[in-house]
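Got some structures for you, see below.
What follows is a pair of complexes built around chain A, which joins chain B in one and chain C in the other.
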Partner chain A sequence: MKINKSLFLVILGLFLASAASAQDDHSHGNEPFTAGEFKAGETMLHHVLDTHNWHITDYPVGKNEKGERLYKALEIPLPWLFYSSEYGMQFYLSTEKLLASGHYEVHHEKVYHKGEHDHGHDEHADESHDEHSDEAHDEHTEAEHAHGQGKIYDFSPTKTVVQMILILGILIWVMTRVAKGYKKNVGRAPKGIQSFIEPVILFVRDEIARPYLGEKSARFLPYLLTLFFFIWFSNLFGIMPFNSNIMGNISITFTLALFTFFIVQFNGTKDYWQHIFAMPGVPKPLWLLITPIELFGVFTKPIALMIRLFANIAAGHFMILALVSLIFIMGKGGESLGGALGIMPLSVAFTIFIFCLEVIVGAVQAYVFVLLTAVFLGQALAKHDHH
Partner chain B sequence: MMLLELTGTVGMIGAGIGAGLAAVGAGIGIGRIGASSVESIARQPEAAGQVQGAMILMAAFIEGVALFGEVICLLEVLK
Partner chain C sequence: MDIVLPQLGLFFWTALLFLVTFFILKKFAWKPIIKGLKDREEGIENSLLEAKKAREEMSNLKSENEQLLRDARQERDKMIQEANRMRDEILAEAREKAQEAAGKELDKAKQQIDAEKKAALAEIKNTAGGLAVEVAEKLLRKHFQQPAEQKSFAEKLIADLSNN
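Now for the complex of A and B:
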């Protein structure tokens, strides 16, 4: 019992530390850096955005001549893989190696050919850049003319991609074990991880697929189950320490919604298309009004799916980060111990509450995504025999 | 320059009000769904499963619309 309690505390500490360690995510290379002024908004954005390194934590490495504390980032560099129109296919093990090659520069996690990054669009450009901006601009345009517009297509396995592959690996491992369990325990009660997954599969089949898809449910059940487990596992891993939340990335939810969109359109019956382009039982002049609305609805459904999942998961992470940031804001970046200690119990209590809420939200959003996919599919498959 | 700064501030205020209004709308909608579904479960407890399914589906639709509003407000602030 005692071990359990201390284990719980360690895990809780890890959760809070992982939320707090998101404090500074700039790519500094190996140079030590100062903490600088704490900006809650930037910190929160950096935490949810995709990066080319797996940031674990920052650790102190003494002080500089001004007496400010210096930190170094403990992070796993992720490789860069991109196609450059000038140099062909390129592969670098880390951002440092990429910069050391001398051909490229990196701004906001995007790679540019050296001298082709347009500083005019960079809102966060240093003040010193602004002073010489006119001069620099001329040079840039000249350089661009000399090189031509170099194009770079980035295929790098970023943090989100690595996390997704990790979750896919875990899903394959779990599901093959479950499948093997069914072969082994024929006619017997499920065993091990099988007994944990089986009720979820039955829930998706009996509560989602069968009521909305009817006799065709068996055909779409594999897709619905894949969606459900992928979203659910991603959300669970997203709130674990040192993991990245991939459903808080709109490209991932966009891809999932795109799958649903195409599956619904390709399986649409004649009745489905007739209800869009020529609504039966409605005076013909009204079609002019109804058809655009129906056509619009075809696209808004998957867009709503995409935004709902993304916004729910991202908002949860924003809330956790905002609550943790409160400690730093009230503590004035380490100057006011009283302020930090005063707000800490409140902040930690609310953070734990939101973490618990996130566990529920993760499952509910997976359920809602799959449910709505089944509903849209059901509408497309339905055969009407009225009129 | 003054005017530029002012429009930026007004945009921020607008985004804040918009986000709040979207939350109010979603709150009213989901509150009504919750109230009536609890009522119907109380009247007919054996239909609780079906009512819950319908409840979550309806709440998801309302939430979707509210989130459209929130995302537009967020874009206003972040642009």
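Now for the complex of A and C:
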């Protein structure tokens, strides 16, 4: 019995906006493509990584001469914006237009000058490149670029950037509405969206900012609130269909951790630096040992922040993807309806469970990130009087 | 291994968008929200304090009222006592004065009566004396119309004188 794989693709697409076919090529043009063999690892990785288009789903468009089903991707193309050492600032409305210019080629969501990409590992000819060849390819291109050939700095507003603009826009809209509530309901109980957001604001203020920052909490409260709501909203949006999971992208968590890092260092008191470079109450020779450790700690704290948030959110996403992929694995690429239907209840049940877990994890990780930011900041602001 | 490598473009966009959002939210959301929360909390605290104060004032007023009532009652009693005392005093004094005045009047009347009596007596005496003298003169005149009788009287007078 042959099951209609396109149906599953549509379902998968609807629920997770996943690039189920895991084909790097299909974004390069409007040519129909075959589904090929289903590879869970690739699909998952592809789904989590940033892209230069907003993929919604794939839809069937008939069959080729060999009788294989052909699909087209339903997606919104996103523009490319990058600096090329050869051509300067470049802007193209879509990947199609970029390729049509004839100067560039795109592999794995990266743009290269024509002919500068390593063709020895051309994954287009051979779709079944594994992680090993991927790594080799990365190393190779890095080496190539290091040799002074054309460099390209990609500043494209990718899917993650568009998603972030969306989230931040909604955040601003929600919060200004909440703020309006305070002007309208002066001396009265909160109303509407205000009463939903207010407990969260009070939580950040009373449970995070005040206990760790004390009298200076008012100064840092706007940063902590922005951080908390940005992470929380992002995580909530990340588990909604058609949305991208931006906190599962290390570039985002890296940036947020970097902000925390700078804020902590810039607000460090004399005591804070003294405890790093000249620990009081410790024999001077030991400073040789303690100072590198303390200095190391200064950097590991934000790095831990970055990895914790990224890993938690990405892991949750991988879990959901893996559970959904089970259906396709058991369905053997559309050949075994029994296998797919057999695993489906289990897969769906676990997915729902992980999904609920993700709702909690999304809030908890936002809390942990902001709490640790407040703790690190509190340590840097602290004035010790035991010496 | 793209997944664990931060990318320049994304870093740039995140930093830019986060900073822009931060400043917008700080100005247009967090500031009014934090102020609104603070105002409301202060308002609630103030109302509670005021309520407590009002309650205290109420109880103070109540006890004050009771005190006033008690004082008023005492005052009234005192005033009544005072009035009673004064009434008695005034009455006693009036009685005394009346008695005194009556006594004086009586004395005066007595004195007057005495004086009148004396004057009357004196007048009676005078009148009686005059009448007696007139009568005596008339008698004497009639008696002494005979020279013999004049002569015997003279002799008798001389005899009295010589007896002394």
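Everything that follows uses one rule, which is that the second predicted complex is superposed on the first by the 331 of 387 C-alpha atoms of A that agree within 3 Å, B and C clash if a C-alpha of one lies under 4 Å from a C-alpha of the other, contacts with A are read in each partner's own complex, and residues count from 1 in each chain.
Everything below uses one rule, namely that contacts are C-beta pairs under 8 Å (C-beta built on N, C-alpha and C of every residue); 3 or more make two chains touch, one makes a residue touch a chain.
All values reported here derive from a predicted model rather than from experimental measurement.
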| item | value |
| --- | --- |
| Contacts of A:R308 with chain B and chain C, given as first, second, both or neither | first |
| Touched partner set for A:I172, first chain B, second chain C, both or neither | second |
| Comparison of chain B and chain C by chain A residues contacted | C |
| Which of chain B and chain C A:K183 touches, first, second, both or neither | second |
| Partner chain in contact with A:S244 - chain B first, chain C second, else both or neither | neither |
| Touching partner for A:V375 - first (chain B), second (chain C), both, neither | first |
| Contacts of A:M164 with chain B and chain C, given as first, second, both or neither | second |
| Complex interface listing, chain C residues touching chain A | 1-15, 17-18, 20-22, 24-26, 28-37, 39-40, 43 |
| Chain A - residues contacting chain B, complex | 207, 211, 304-305, 307-308, 311-312, 315, 364, 367-368, 371-372, 375 |
| Interfacial residue positions of chain A with respect to chain C in the complex | 45, 48-50, 82, 108-109, 134-135, 138, 153-158, 160-161, 164-165, 168, 171-172, 175-176, 178-179, 181-183, 186-187, 198, 201-202, 205, 218, 221-223, 225-226, 230, 249-252, 254-256, 258-259, 314 |
| Residues of chain B touching chain A in the complex | 49, 53, 56-57, 60, 63-65, 67-68, 70-71 |
